[in-house]
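Worksheet: the structure to be examined is printed underneath.
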Amino acid sequence: MGASGYAGRELCGIITQHPGLSLAFASANEQRGQRARVGSTEITYVATEDAPLNKAEVVFTALPHGTAAKWVGNARNVGARVVDLSADFRPGAAESSRTRAPYGLTELMRSQIPGAEIVANPGCYPTAILIALAPLLVEGRVLPGATINVSAASGVTGAGYSVRPDLQFAEVVEDFKAYAVGNEHRHILEMRAVAAELGGSEVDILFTPHLLPVARGILATITVPITEHSPDDAELWRRFYANEPFVEIADQPPSLRDVVRRNVVRLSVAKAANVRQPTLIIISAIDNLMKGAAGQAVQNANVLLGLTEQAGLPA
Amino acid sequence: MGASGYAGRELCGIITQHPGLSLAFASANEQRGQRARVGSTEITYVATEDAPLNKAEVVFTALPHGTAAKWVGNARNVGARVVDLSADFRPGAAESSRTRAPYGLTELMRSQIPGAEIVANPGCYPTAILIALAPLLVEGRVLPGATINVSAASGVTGAGYSVRPDLQFAEVVEDFKAYAVGNEHRHILEMRAVAAELGGSEVDILFTPHLLPVARGILATITVPITEHSPDDAELWRRFYANEPFVEIADQPPSLRDVVRRNVVRLSVAKAANVRQPTLIIISAIDNLMKGAAGQAVQNANVLLGLTEQAGLPA
Amino acid sequence: MGASGYAGRELCGIITQHPGLSLAFASANEQRGQRARVGSTEITYVATEDAPLNKAEVVFTALPHGTAAKWVGNARNVGARVVDLSADFRPGAAESSRTRAPYGLTELMRSQIPGAEIVANPGCYPTAILIALAPLLVEGRVLPGATINVSAASGVTGAGYSVRPDLQFAEVVEDFKAYAVGNEHRHILEMRAVAAELGGSEVDILFTPHLLPVARGILATITVPITEHSPDDAELWRRFYANEPFVEIADQPPSLRDVVRRNVVRLSVAKAANVRQPTLIIISAIDNLMKGAAGQAVQNANVLLGLTEQAGLPA
Amino acid sequence: MGASGYAGRELCGIITQHPGLSLAFASANEQRGQRARVGSTEITYVATEDAPLNKAEVVFTALPHGTAAKWVGNARNVGARVVDLSADFRPGAAESSRTRAPYGLTELMRSQIPGAEIVANPGCYPTAILIALAPLLVEGRVLPGATINVSAASGVTGAGYSVRPDLQFAEVVEDFKAYAVGNEHRHILEMRAVAAELGGSEVDILFTPHLLPVARGILATITVPITEHSPDDAELWRRFYANEPFVEIADQPPSLRDVVRRNVVRLSVAKAANVRQPTLIIISAIDNLMKGAAGQAVQNANVLLGLTEQAGLPA
């Protein structure tokens, strides 16, 4: 549902090429009746109201924040399980206190997913940032009381398929800017809640997102003040993610080019020279439409349905 | 000298339209004899060896780092004053300990320039960052012992007119990446030295630059832990730069688009919500070829020669 | 009027820096009360209804096609002269048969402009193409009965400041496509009418425009079957435009980079090898917002008002 | 061989994911010993001299024009069959008169390929243009004596992985230009030779290529004067390519976005209005690295080896 947006189309493309899934329907209210090419297949959109929910074992909802909950309920009523790509059921959101929905950051929450009725698929920025921070949080290496600084940049599809004057080509090309400056972005609540759960205590995160003149990809530059005896190289991450096919620990800082069209988080770790406070610099890159949205949604559906976790996903 | 690079061509363009300057010569060794259009004028390059230094009252040297010093000396020998755009005479560089050359961050060092024989024109990143930090440093508002975090991004002309495989169009478009990760960039020394001079004590700066898929422009996102009773809005900056035509304090975070082709630093200041340590977020934008190189060089020449400081410079 | 679109803002920028003009008002109905930076000045938009037409000696109307005629009439009623940037008064348009308005392709129609009440400012594509073709048409060198083939490409600002899904950054970047395929573009009528007037007989033009992933600039690639004894080099153009400051005949094919932000047409002429029918290939480049819209509008206003034709215009 | 260029890397990516092929080696002389990621696999380059030619059943040579013939000979000497991506064995090239190598425009030359020792893989422009023209040529619909006009534009990878000043990001972004103006491009000979073979007589083609600010993709805008009773819609093409999985006849003009990363030619056909001479406008789009190079090379290898023609190729 919501299959005409960027994440929705990416989802349809993955599903139509997935060895264990087939597309029951693709709904897009304003595009009802229209055809669209996803990957190498053509699909026809149905109206949201006409979506045959009972034909689907799993429903992916890629609807705007705030409107997803209703359709998630409708899908649940006919017995479908749901992977919700909106923020509605994520940690920190109002709905999340009323409805149990595990947070689908698959690598970190895998055990909670198989029995779930609803999976709250993570936001794109939180995916890149929490996968990068988890080893330090779990092992208690973040300097207590310190602020973790995150400067991140996203391609324009991160804003969804909204027709906005400020996202017109002539406004974005040759430009770069910060937004939500002042640490007010919606994702901060989501990141803090999960980080606190992982690390056992509150963590301050100062997050400044930027808009890149590229179509897709997120790069997060994360600086973490650490305790004296923390590791200063990538060994901790290699160990933590040793068996994860979708997390890559790189020797060189990753770039968008390394991850676009792939369902991976790729990250590098470096010790900061020339500062007194021991500090790590983690660079984390994802494709916001793959590991940051549609790819991770399918990864979660794979776990939910007992399929091979990597099925249908480009590594 | 070095007039075929990006900064050099920009300089020639400004000089040819400047009401008080005229171009004595433009040297570019490999392009000797070639013509080039700068602004609406055509110039012809002479070989470096053939540059008629004695015809120039002021020589601008836009040569590679390390090779500038020799030609600065040659220009001095025939009595010309020099604005050097290389790093050779900047604070922290070897040459700077042997030769007195005021640091041409004009707004902060204006009084030292008129009598100078050589002006060390600042680097592009330091210009954006030091103008943003100066009010806090001068007024002692930075939390002692804290690390100032700078995540900055530059268009490709920041790397100079070098023909590098990694700067080919197909490699840069739709990409974004960090470089010099680990706080090892040459500009750190320059920034620390000037920051210490402005603030009276050592300051830790953690600086991570990124390469943007745009031709020109730098945006620096700076987070500064501040003392309890520091100002939390832009008032301090408005006061500090009240009479500066080339520093703009904006209500909204500046974007590259606001500054490209203009000789200005444009910056915004915001207080960080949702963190315990009082912290300011300063966004600072410049055109790396204008205020970050050629524009500031002419601004310094204007001061050096007793011309109107704004002469010939697009605000 | 219509000062918030791309051409409108460019116009305001030129006017505010023009030595002989000052901006009486800038109207933009939906942006009424908003401020905007044009060049290095800030302006405030007034509602269209509130535009103090009587304060202006010349009114520039940059309104959507079809809605301009009414406001042109209003401006005429209070005695202002008008340079209209819409298609409403151009050759071939309905209004043009009722109202006398010389076609403001300044280089070719200069003598008709001084006494005019209304000048119909040319379309962007016709400007690039007709300036290129005029010498051949006037001198009767086009092969009778032949089709002139024009493949042209424009940056996205050529479509005006319309918020369209297909002009969003993620849709345009890394893409290129033809539109109005089949020789149905509105500009064909305008070009045919003027070409027939210049050459004295009907001319077939087959015109295929394309959308480029750039913000501004038009490049037209024009192939013209010519009579046996036609010139095969640029000499005819050099002679024809010998005294024109805004037409450049180049040895090398021009690129967008050569003309952006300049009020010029830059063109090259080459003879086609390897074909039996003698054919010329003319490449013509303009900035669609300058010589293709706002710049030429000011050029026409300069002529209209008896000012220096080049005043305020970047060559 | 030549596996570090754009086409070479694309080839390695296809081969490593091909169900019926495996990569025996990848040679790249200057990158010997270096690792590179192609698709989701890492490969290590060997020196050209060290390429174990005898291990390969088919050798793909993606070497610079002029140097391919020697290595094609070496591969032949150890019994390997060769798909050569250079121009050396294509129609019109010197080598092609000495050595029999069918022209691998698979859809048109399929029957000649199975027994071949060497296949001359077509150029990128000729692929887009000849597939579009073939039905008209074969059925004798092109107006005798007329010139076919082709204005085409290519992304920068069409120039190969050459480190050239004019292909640096800052030179290409926001620019667009024609090159090889005057109908002198190397591909003209190749196109004329094949067109004459398809149509049975000489054909004049006037070809003007342009450089696009995109990484990959070619769009050709082709205008063809036709005989009176020719078809004026796409029916002829639909019939001609009825069973071709890699040729798409579209109702709307194709854009680069429709074909990038796919091994297809996508084209549309329209009749020109407003001209006396009946003329068709064909828009043809390909990915220059896929159907224009590596994809078609694998398509040819599939035919050569008796594999399913579509094996391993994204449609």
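The chains carry the letters A, B, C and D, assigned in the order they are written, with residues numbered from 1 in each.
Methods note: a residue touches a chain if its C-beta (ideal position, glycine included) is under 8 Å from a C-beta of that chain, and two chains touch if they have at least 3 such contacts.
As the structure is a computational prediction, the values presented were derived from the model and not from experiment.
Colleague: Counting only C-alpha atoms to place each centre, which chain is farthest from subunit D?
Modeller: B
Colleague: For the chain pairs A-B and A-D, which is connected through the larger number of C-beta pairs in contact?
Modeller: A-B
Colleague: Could you put a whole-Å number on the gap between the CA centroids of subunit B and subunit D?
Modeller: The computed centroid separation for subunit B versus subunit D comes out at 46 Å.
Colleague: Once you find the CA centre of subunit A and the CA centre of subunit D, what distance in Å lies between them?
Modeller: The mean C-alpha positions of subunit A and subunit D differ by 38 Å.
Colleague: Quick one: subunit A and subunit B, Cα centre-to-centre, how many Å?
Modeller: Result: the chain centres lie 38 Å from each other.
Colleague: If I count partner chains per residue in subunit B, which residues reach a count of at least 2?
Modeller: 171, 173-174, 213-216
Colleague: Mind listing the subunit A positions that touch subunit C in their complex?
Modeller: Within the complex, subunit A contacts subunit C at residues 6, 155-157, 161, 163-165, 167-174, 213-216.
Colleague: If you look only at subunit D, which of its residues touch subunit A in the complex?
Modeller: My answer: residues 37, 40, 173-174, 258, 262, 314-315.
Colleague: Which residues of subunit D touch subunit C in their complex?
Modeller: 145-147, 149, 151, 153, 155, 171, 173-179, 181-184, 188, 192, 204-206, 208, 210, 212-217, 219, 221, 223, 225, 253-257, 260, 268, 270-277, 279, 281, 283
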